[in-house]
Amino acid sequence: MPVPNKLDDARDLLARANRMIANEDVLDAFGHVTMRHPTDPGRFLMSRSRGPELVQPNDILEFTLDSKPVKPTDVRLYGERVIHGGIYQARPDVNAVCHHHAPSILPFCISGTELKPVYHLGATMGRTVPFWDSRDDFGDTNLIVAKPEEGASLARALGPNWIVLMRRHGATVAGTTLEELVFRTIYIARNAAVQIQAHVLGHVAPLNASEINLAGEYNLRPGPVARAWEYWSVRLDKAEGTWRGPKTKTAAPKKRQAKGKTKAKRSR
Amino acid sequence: MPVPNKLDDARDLLARANRMIANEDVLDAFGHVTMRHPTDPGRFLMSRSRGPELVQPNDILEFTLDSKPVKPTDVRLYGERVIHGGIYQARPDVNAVCHHHAPSILPFCISGTELKPVYHLGATMGRTVPFWDSRDDFGDTNLIVAKPEEGASLARALGPNWIVLMRRHGATVAGTTLEELVFRTIYIARNAAVQIQAHVLGHVAPLNASEINLAGEYNLRPGPVARAWEYWSVRLDKAEGTWRGPKTKTAAPKKRQAKGKTKAKRSR
Amino acid sequence: MPVPNKLDDARDLLARANRMIANEDVLDAFGHVTMRHPTDPGRFLMSRSRGPELVQPNDILEFTLDSKPVKPTDVRLYGERVIHGGIYQARPDVNAVCHHHAPSILPFCISGTELKPVYHLGATMGRTVPFWDSRDDFGDTNLIVAKPEEGASLARALGPNWIVLMRRHGATVAGTTLEELVFRTIYIARNAAVQIQAHVLGHVAPLNASEINLAGEYNLRPGPVARAWEYWSVRLDKAEGTWRGPKTKTAAPKKRQAKGKTKAKRSR
Amino acid sequence: MPVPNKLDDARDLLARANRMIANEDVLDAFGHVTMRHPTDPGRFLMSRSRGPELVQPNDILEFTLDSKPVKPTDVRLYGERVIHGGIYQARPDVNAVCHHHAPSILPFCISGTELKPVYHLGATMGRTVPFWDSRDDFGDTNLIVAKPEEGASLARALGPNWIVLMRRHGATVAGTTLEELVFRTIYIARNAAVQIQAHVLGHVAPLNASEINLAGEYNLRPGPVARAWEYWSVRLDKAEGTWRGPKTKTAAPKKRQAKGKTKAKRSR
């Protein structure tokens, strides 16, 4: 029964991705992380409506690409599902999406100052960071992207890029895999915080186009992405009180395992 | 016996609201959160004097709207009770009040720069954020709002709005419910922090009046407010070491509950 | 045997004050908190040399006012004892001193911008914040205040005030009691952080002289000082894993104490 | 068998140094800390590729100075080993190296504003902080220092100094001992954060050359370095849940040890 297991694994990973990004202070009570269904590209997975730091595997539901739940449900759903459905429709290469209001990204959504890759890890944002202003297509709104045409407009603004800033609202980030998405989402937020501090110092000299291409590619290889995932994942375990690593080893030195064994388990 | 239970519930919620807002770094050793009595609109509930992060249900006492304790007590009371009593008198639509000195709000109280809604969640501050300067009515004081006439002056400055900035002192926020108050208090503080960073980047383009109305209404609906409350509440439980969620599940995988059951309990 | 107990109590309080201020990120690996001996005004109490966050009652030693240990010892001592001895000699009204390099205070020591009380709790710094530059009296040094004449120079610069900024180094704060010192030290640091953010917004309008006097006096009364102490103390207990408050109550609801009893214990 | 023990000790210390610097938010998912082999100056010790906060003694491998593993291995290795090998080759006086992308250091790598010692603890950076721009020698790259000639170029830029800033990338810090390296790395990052805030206030008056020499020497003596190491080490233990200090004492007062005994154990 490989299909159910793949879906269970996806649910576990997606719930964890929600909690990891929240634990790194990029998501708070709002925002959401989704992924395309692992075996059916015409569906995507998304939690029921709750703070992303609280999302558990059983919260994850299936949606069609027009952002409707596959199975009828009476649980509360996120209002901004069309952000995700719109992008999965427009971008077959995208398999994971995060929408957020990170404190370091919002100042760029408000000031209009361009967000730029200012160090190699920020290069994962790509060469172009489009701005989308809901007023252009829809005039005065509540700024929430809840209608299919709003999701489609945002997806058009994203175009072939990997992040779109949403004026007076936040950002939406895309990835070819969930792991890549988590990496890109967190390091763009870190890059933004650094760029603001560089503005305090008075001058910002970003990467050039060629450096962005090269550094973006290098850092999104499986090795760096897996390394960062492990790091944020352990930090989440620590925050949730489920981390059992060094604790068992140093707290109870008498029961310490033989070194060889421990190493074998940790190697990858 | 519905009345005693309603009051007990209110005490629990109000104590928790004090601790939640403190846990989000909006309150510190000082400041206070109050609510109108759940069955007697001529009274309000407020803790005895202690840091809001420490407030427990048994600390909550009843006060008349002229800010006097209903029952004689020899515990130490907050000096600024009239902030709350004054607003409950002037505003029958207000059922919860928070007075605080949040680090992100204070710079606006000092610089005179206008606090503006710069993203949709900040729209909960409303279109107008009045400034109150104790010097105008009372000249040089210790800046504490402790006299009935001071509370009344502040309530007049608040007018029909939802937050009033107090020069060289802090802010006072109001809500129609305790849950709404918590949401508004925390997200105005977050909005203020973002606005300061946007000033670093050089330009601040806030929401317009229509967007403020629409986004404010949308985000103060029961769904978003409950979602944020659950998030801050779990974060408080984690900080207090009382969180039992994922911990039991991952720490002792053998005792894991059947998935269906778990989901049923978590759904709302 | 009242005298030994008073000294033991003082050691407990002083160790806790060191850890509390460090837990609030005002002290780091360096800096120190001292108090005058509770029964012998010709002596003061200070930890052996270790990070203030680690100080335990048994680390506390007695020193004469010329900053020499009363009993010979081979443990490592702080190099800057004369900061404390110098002030205890010059200021009989001072019974506690903290020397630190708080991240929010240092920018004022480097830029020369005047630190001002910008909200009521910052008024505890007083109307005058003198600057001391070690170059004036001693030319180029390692910036450490280790010689008796350096301590005396700093004490002269402090004069009758409550904090002295030390250029390119940090600050030294004084109090009439240990509790007052902790309050003043932490809230001046908070005031400094807020003032920096107000500079970002472009304008700083501080308290006037009369407001500083009135608000300083009000906040240093026993009530507010005890309230803040309790708050920082509980936060320390949480950080050290020794907090037993709400945990026992919510974790094991069956063993919950009768409400009346609990309240009686918590009241003061 | 003194040699194996020395190596085991070095592995323990190096793993801890990685985790300590990460726990102080100077390292994140990336960056690395290495040390020269304790008995063979022609080798250095470095973890396999993983987030430094996760590094355990068994992760530490031996490398030749041309940055190749001494024993063949199939575990993933850091790509930037030549940063370390290049410096150990060029600088026989250097016995520990840290490469990082600290949030407070990066703005200086982007803006070109000079990083200066602005308080005594920052003097450990030394009088000269060279800038290295990978474009000068290698044109457009992915900014990663992975080729031997790149490592050699960076080592030349470092010259006889103790830190080199890497434009659009981060910094590399050197020390004569591991303990000194940890001290210098963390306090330069703290100095950078303070300097940025001083820029907000408008003016930066750094230490002069003589003060840098004197304060740098003073603070890198064994006493201050050991004091800081103990502090960061206990903070790491707290973060990892392995701290057993005050917890046992206050949590179970009946089992409290005799004071004399406790003191004897803590003294050094």
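Letters A, B, C and D name the chains as they come in the text, with residue numbers starting at 1 for each one.
One rule holds in what follows: a residue touches a chain if its C-beta (ideal position, glycine included) is under 8 Å from a C-beta of that chain, and two chains touch if they have at least 3 such contacts.
In this text the structure is predicted, and so the values were computed from the model without any measurement.
J.: Listed by label, which chains are in contact with subunit A and with subunit D?
T.: Per touch definition, common to subunit A and subunit D: zero chains.
J.: Degrees of rotation, nearest 5, to put the Cα trace of subunit C on subunit D?
T.: That pair's rotation angle lands at 90 degrees.
J.: Compare the two sides of the subunit B and subunit C interface and say whether they are made mostly of the same residue numbers, over half shared, or of different ones.
T.: different
J.: Let me have the rounded angstrom distance from the C-alpha centre of subunit B over to the C-alpha centre of subunit C, please.
T.: From the centre of subunit B to the centre of subunit C is 30 Å.
J.: Cα centroid separation between subunit A and subunit C, in whole Å?
T.: So the centroids are 43 Å from each other.
J.: Where does subunit A touch two or more other chains at once, residue-wise?
T.: Expected reply: 200.
J.: Please name which positions on subunit D make contact with subunit C in the complex.
T.: 118-121, 123, 190, 193-195, 197-198, 200-208, 210-211, 214-215, 217-219, 223-224, 227-228, 230-232, 234-235, 238, 243, 245-247, 250-251, 259, 262-263, 266-268
J.: Which positions of subunit A touch subunit B when the two form their complex?
T.: Those residues of subunit A that touch subunit B are 28-30, 48-51, 53-54, 56, 58-59, 75-76, 79, 101, 103-104, 106-113, 140-144, 167-170, 196, 199-200, 239-242, 244.
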